[in-house]
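In the two assemblies presented below, subunit A is common to both, partnered first by subunit B and then by subunit C.
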Partner chain A sequence: MLTQNIRNFCGAFVLAMAAMFMLSAFAPEANASEPTAATSAAAAPATATAPAAAAAAPANPAAPAAKAVVFPPAPKLTASDYPTIPGVNSRVAIWLVAQLHLWFGAFVVAVPMFVFIIEVIGMATRDERYDNMAYEFIKVSITAYSLTAILGGLLAFCMILFYPDLFKYMALIFKGSMWAYALLFFAESAVLYMYYYGWHWLQGGNRKWVHLTLGLLLNAVGLQLMFLANAWTTFMMSPAAVDAAGVFNGDTWAAIHNFLWNPINIHRVVANVAYGGSVVGAYAAFKFLSAQKKEERAHYDWMGYNANFIAIAALLPLPFAGYYLTAEMYAYSQQMGITLMGGVFAWIFIIQAVLIGALFLSANYYLWCGMGRSEGAYRYNPRIKYIAFVLVIAFLVWFTPHTLVLTNSELKDLGGPYHKYLGVLGIMPAKNTAVNYLLVFTFLSFMFYRRANKIATVSWASAGNAAQIALFTAGLINITILGVYHGYFTNTVYKVAASVPQVLTTLVIIIISVVIDAFMYKGAKDVAPLHWGRMPPRSQYALFLLAVSFTWLMGLMGYVRSGIRQHWHISNIFRDGSPDAFTPGLGYVASVVSVGTIMFMAMVIFVFWLSTISGRHVVAKGYWKEQQA
Partner chain B sequence: MTNFLKVVAFSLLVISGFWGFSNFGIPQIKPADPPVEEKVDLGAMTMEQFIALGKKNYDGKGTCTLCHNSLGRAPMLDKIGTVSAERLKDARYKGTAKTVEEYLMESLVKPSAFVVSGFGKAGTNDTESPMPDVTGGGIGFNEVETKAVIAYLQDSSGSEVTVEIPKMAPPTEGAAKAEEAPLTTPDAVVTKYGCGGCHKIAGQTGEMGPDLTKIGATRNKEYLRQAMLDPDAVVAKGFNAGMMPKNYGEQMKAKELEMLLNYMAGLKK
Partner chain C sequence: MSATPKRVIPRLLQMVLVIAGAYFSFILLFDVLLGQLIPKSLLTMYMVFVVAGVVMVFTFTEEGAQELAGPIKALVEDPSRKMVRNVVFVIVPLLAGYYTYSSMLPSFEAPVELRTIHPAPPNKFKAYGKSYNLATLENPYRKFEKEDPAKFKALVKEGGDVYIKNCQYCHGDKLDGKGPYASGLNPTPLNFQDVGTIAQLQESFLFWRIATGGPGLPAEAAPWISSMPVWQEFLTEDEIWKVILFLYNYTGRQPRSWSHE
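This part shows the complex of A and B:
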């Protein structure tokens, strides 16, 4: 029986993985006879020296000319090439629709990931509460899935309507992957509906394995969809297999596998999980606040805790994924990297610091409130204030700007564009150090929370604690020295060199601590049963703050990712000739992001409401005609 | 319902907080408008004007100062005129230039011909430069702009300016298409015809010509029309004749000229 189950599971896994890797073989089929000679060189930014006509010619003269597809150069557009609708700003319209699609898309790609994991945990522990929670999570996402699809359609519609030449150019290059996307979308819908509607049917024994397999397939297809869409976006940032005139001379895989594709894929997978966790956390918080019964409150408190755990677990590695993405942007184009971090976009990262600070503080606050569920938390409560202090200091350092924009008289008073004392905190090494402190101390909060209700019974508990204290101390000293040395004793080129060893130090602290804790608290005694539901209402607002901050942050960073192309539809090869080609000011950006966030929140409330009414059943006495027996 | 309203109010408050901080908590910097290829009258241009054009492109369209600054991201160019001759003799030099002018041109379009120690791409042992080809898509200098930047680099580093002003400007890409319809806003006219290169107007900050931000307060439309069509007829105090191109009457469409005149005549505060 078990062997059979394992075989089924492995078979499904192989099938899902094969589907994922077949994509690259499948997609180029649409233009397989195209030349590929220039593909390898195309990852670098296009240069003007390559003659367009030569690049467009087939590399293999023996290939049948009739089969060769010659791609046109990128069109040179003027304002009159962009259709307009009176009273509609086409850039804002497409901006909002794309962002709404992305918010919902991130949510529906993320939820099945942790639903699958929770289902596995439920299966392994035979604790039905996990299964019920996983079902409730997927129930919330099912309506969001429809909205994602509708918004995706609307986005395509807006592209065709407002940017027809850009859409045509992209569709010529990506026609193979767009077709694959459409097919995968049907597959995603079919698997999702089977997974959701078959939840209670596929319970127990082999049926549960089949259900789990569906969950795995759902994730495999969902991720493939996201990776395909990411390829279109990243091609616009780092076009591949194109010459200076924008003539495409590779195959579909070359266009998909462009320079920034994988960094964005990694960043989005991690961010989506954190985001999905925060949104279902908000759902649980609302249900908690509205709950009338003690059991209901306990259930949603538990659900909120798990959602927050998911959000924090994904939030911890997120800055590293962000650094990797930024480093790759530098590697692709120094000009793009510097414009991002040191040019007109630099101030966005101060706003980002405020938002991420809000995320970390709210997640930590929720954990500290959660310690009230345990009778043993009094042992750790006195230390919370020190963690809070470090988090606030780290946040303030991260938030400190480097260059100040000042009037001449202010410059004169200050003696330069940098503040005498605080200016030194504005550089990246100081911020990297602060972020790593933020991560380490958030992890410490989580450790305290996990330990609050347990008493270690192993004989070496004191030695284990001492080892952990030594680990944290040594790690923090290392992070500080790395930051100070690279920040203030090296030149600009090497200033960011501290980031990788600092990140590794943080990861070492976290991983070794988790391992020590796992052994030290094996067979530990509970102080008392946890009091689920014993949470102050204000704690739930921390979960709302988490969800709203995350949404706003995603909107802002979505703008940065897109805006870094500045006046190019496709970086350096396809210029934006529309009247909206200018880069907007940050106040304007904030207004659009805020409007988008409010629209998204309104739609999410609608989704939550739908999932609530689906469980209600009213008996309309006297309404229906009584049937004769 | 009370909880629902509280949650909505809280969420709106948080969003307002982020919006307020972004609008009032940080400086509002207006990013530069997309670079435009300006029409230049090379026939009437002096070397000083050509060097000024180079500086403008060096600071603006070329985004050279993003890296070539005191932060150490790329070599400083304040002595480029003198060090170029030494680099031509360097064993690591891989190019074909014979003169300083040729070397500077090569550095702009084939930056890897010589990479200053410590400034190469990571892992290339200073054999590959991270600098883009300035005539490529990202910057897109034409021949005039490239030569003007070389003239500026030679001048600013205190060496002899050997660059000759090109005989005529290359055709503007897409110009034929763009000229099909007149521009619809004064800002677009100012941008297209490069008024901001010399004048303060419409958010642009040129300093070679008179400040036009309040020109309507002292000059009427007819005066301005004459200044546009025959700029040397009356020259503003403190400025020299011959500076302003005389061919705007041929370049601009009638609608554009009228719109610009109305706009300038309205600049009174």
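This part shows the complex of A and C:
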């Protein structure tokens, strides 16, 4: 009976979801039949500019002949068109709120992805520890979900308050998808709560399948939400279906499917998983450091290991997703590309490189410390220094700027702003080569960690090791040749294209090594039982560093993505007329992002703390009136 | 678990020596052997990561971390080391004070500059009395590279003549930025042989920079420092396109493009 009810309920829910998806598909038609100004007039603030109002007039429902939608041109605003609140900097306010919303949003979209995978692993292996861990992860994201929603509301409020004309213009174009977004948000909330609160109820047999289906649905809705929001953001960077005056002449899909939409979608999906992994890693570290019992420490150590694994696994393809996005931005606009990589924003990429360095180093350090859990790790300890050497050298290449920061005397000595020898390390082929080395050697750290406690028993173990050494050597040679030859001796088409075989080489090394290891260590002997919990506190701070670096990095690159529009609200069609229509100095940017990072980390620690107190139960003796039996 | 071997050099000293070794290796390699100094800002960044990497290697095992921290703990806690402790506790604040004093000391040196070499181009610009769209602008002579190599060669030669008559005084006859006037300019003229200059750019970008020169640089991120003349006042449009052909041809570079053809 219960199973039947669940099936009915799920069936109804799936139908409801399908209906919601269909709704967004109908949105363009809805646009075509609705008089545009009906909504815009309702939403139009008192500050709407004359040209915008005049342009919107033909579409007024009062005119009976106005069937087709006539979109207004982008308004030409002056500083007086932007409402202000004394003592509040509009740009900083919206910047911080948007960034905080994005941090939490990224976290709550990412967590269900790996929670689903962990739940599947638990189901397949029948190892309840995975199920418990997945539940604990989703528990953390529940509180974060509320904060995401609150900050999202605050962001919309700030947009309407401080940038009403921009909001109105965007809402006119995207009203179909904004409507779908609101519905999807309800769906997301419903599925998330069912997924979380039904966790212990939907256990075993078919119930577990129902729960997994909910998890899948949760991810589908979450990603849809993110893709829709990405469309608004990328439309502001690469507007589609608009003429030079900003008159929109397409349908909602044309606006959504703008030039940079898919590159951002891919980049954000991968980055969110890495980010989510790092934040739950920080949660595990928080719990590990505050644990009183040995068993608790062992549990949270294991959780931290898995979180770090998730973060690293997603971090591996991330540089390529980022490179793809940037290459697409360059292809879309030479102006954007040069401002990003050669102009004023190039310095932020140097800071980005340093932060990515911190990410890789802390992830590797955590793995090396983790080898202390095993008695067999001593065999591998002497090799760690060589991995560290390669990692550090690769980082030095990774963040060497093309244009150096020079004192006057250095400038004279060098004879120009470019260094004869270090200059070649400043351009992308060197960076791509370096980052592939970083990934391969980070994977090597992981391989050592995995092997530390095992002794292969297959007869072909030596041959397997030799094959892996050959694979690594050949792969690294290939990466180097691709980087040096195509990077410096061919034209830019091949230079950019060479990054693809480079990353494929890295992936081949990783995949084949994993396959060889899987067979070679099948039935391997354990050196001794793993000592979960035998980790120094400094390893846990490495997990914190991972989360903080990720947060800071996202904030910084979020600014770059948004700031690249410079003095435009919407690139080249809708000019920013506010007093803040200038690109702020790098120090100012760093300060705002740092304040945002501190605010976010404070809120995250609050979320962690909430999860701690939710499990506490105090027996208040003598407080409650005794009930008669 | 193996016993910790007795070391000849204490681990802390080993770490300090490795870091110092890395620092002096950079100086030796760049300043002495290669003859191109390593800028202070870059060396600082390099050393931050070298120190991080070295500390990580020395502390990833529990024994290693304890051995490293041992002398520091002993310095602070061991009663028999009172004299050394007092000396260290005097020297360290003095060094910090000296560093602060040196950093704050007024200097006549111009402040360090974050100069942007490649300014972001506008979408459109005006020259020769008309408007050019940089996104679609192409070198009209580039097509002859494949269609008519002999004609292309002649165009390159014409571009070379224009270069020698007008550009080499600053950018050099080898296009390496070392022309006769170069030493009088700060910043020095661009070295086109560098893989990070014209090879990174589309021809339309070069056309914009040559035609409008220093005064045509965008208002964003101003003030700019550039001695580049406004060449549209001295050269024809054709001459600029030909000189661009020459720049790429002589250096053996290809302009940035998005097609494989």
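A few notes on this one:
By definition in this document, the second predicted complex is superposed on the first by the 550 of 629 C-alpha atoms of A that agree within 3 Å, B and C clash if a C-alpha of one lies under 4 Å from a C-alpha of the other, contacts with A are read in each partner's own complex, and residues count from 1 in each chain.
Following the convention adopted for this analysis, contacts are C-beta pairs under 8 Å (C-beta built on N, C-alpha and C of every residue); 3 or more make two chains touch, one makes a residue touch a chain.
Remember, it's a predicted structure, so these values are computed and weren't measured experimentally.
Within the superposed three-chain model, A:Ile338 lies in touch with subunit B and with subunit C [touch as defined at top].
Of the two partner chains placed by superposition, A:Arg207 touches none, neither subunit B nor subunit C. Once chain A of one complex is fitted onto chain A of the other, the partner contacts of A:Arg383 are absent, as it touches neither subunit B nor subunit C. In the superposition on chain A, A:Tyr365 makes contact with subunit C only, not with subunit B.
By the document's definition of touching, of the two partners only subunit C reaches A:Tyr488; subunit B does not. By the touch criterion defined above, A:Lys294 lies against neither subunit B nor subunit C after alignment on the C-alpha atoms of chain A. Applying the stated contact rule after C-alpha superposition, one finds that A:Tyr541 touches subunit B and leaves subunit C untouched.
In the superposed model, A:Ile351 lies in contact with subunit B only, and not with subunit C. By the document's definition of touching, neither partner reaches A:Lys522: not subunit B, not subunit C. Overlap of the subunit B and subunit C interfaces on subunit A: residues 331, 333-335, 338-339, 342-344, 347, 354, 358, 401, 404-405, 491-493, 566-567, 572, 583, 586.
For subunit A in complex with subunit B, the touching residues are 45-49, 76-78, 80, 244, 286, 289-290, 331, 333-335, 338-339, 342-344, 347, 350-351, 354-355, 358, 401, 404-405, 491-493, 541, 544-545, 548-549, 552, 566-568, 571-573, 576-577, 579, 581-587, 589-591, 594, 597-598, 601, 605. For subunit A in complex with subunit C, the residues that touch the partner chain are 331, 333-336, 338-339, 342-344, 346-347, 354, 357-358, 361, 364-365, 368-369, 371-372, 375, 378, 381, 384-385, 388-389, 391-392, 395-396, 399-424, 426-427, 488, 490-493, 536, 538, 566-567, 572, 583, 586. Listed in rising order, the residues of subunit B touching subunit A in the complex are 3-4, 6-8, 10-12, 14-16, 18-19, 21-23, 26-35, 63, 66-67, 71-73, 109, 118-119, 122, 130-133, 135-140, 173-174, 177-178, 180-181, 188. Subunit C contributes residues 1-2, 30, 34, 36-42, 45-46, 48-50, 52-54, 56-57, 59-62, 65, 109-110, 112-123, 134-135, 177-178, 186-188, 190-191, 194-197, 199-202, 204-205, 220-221, 253-260 to its touches with subunit A in the complex.
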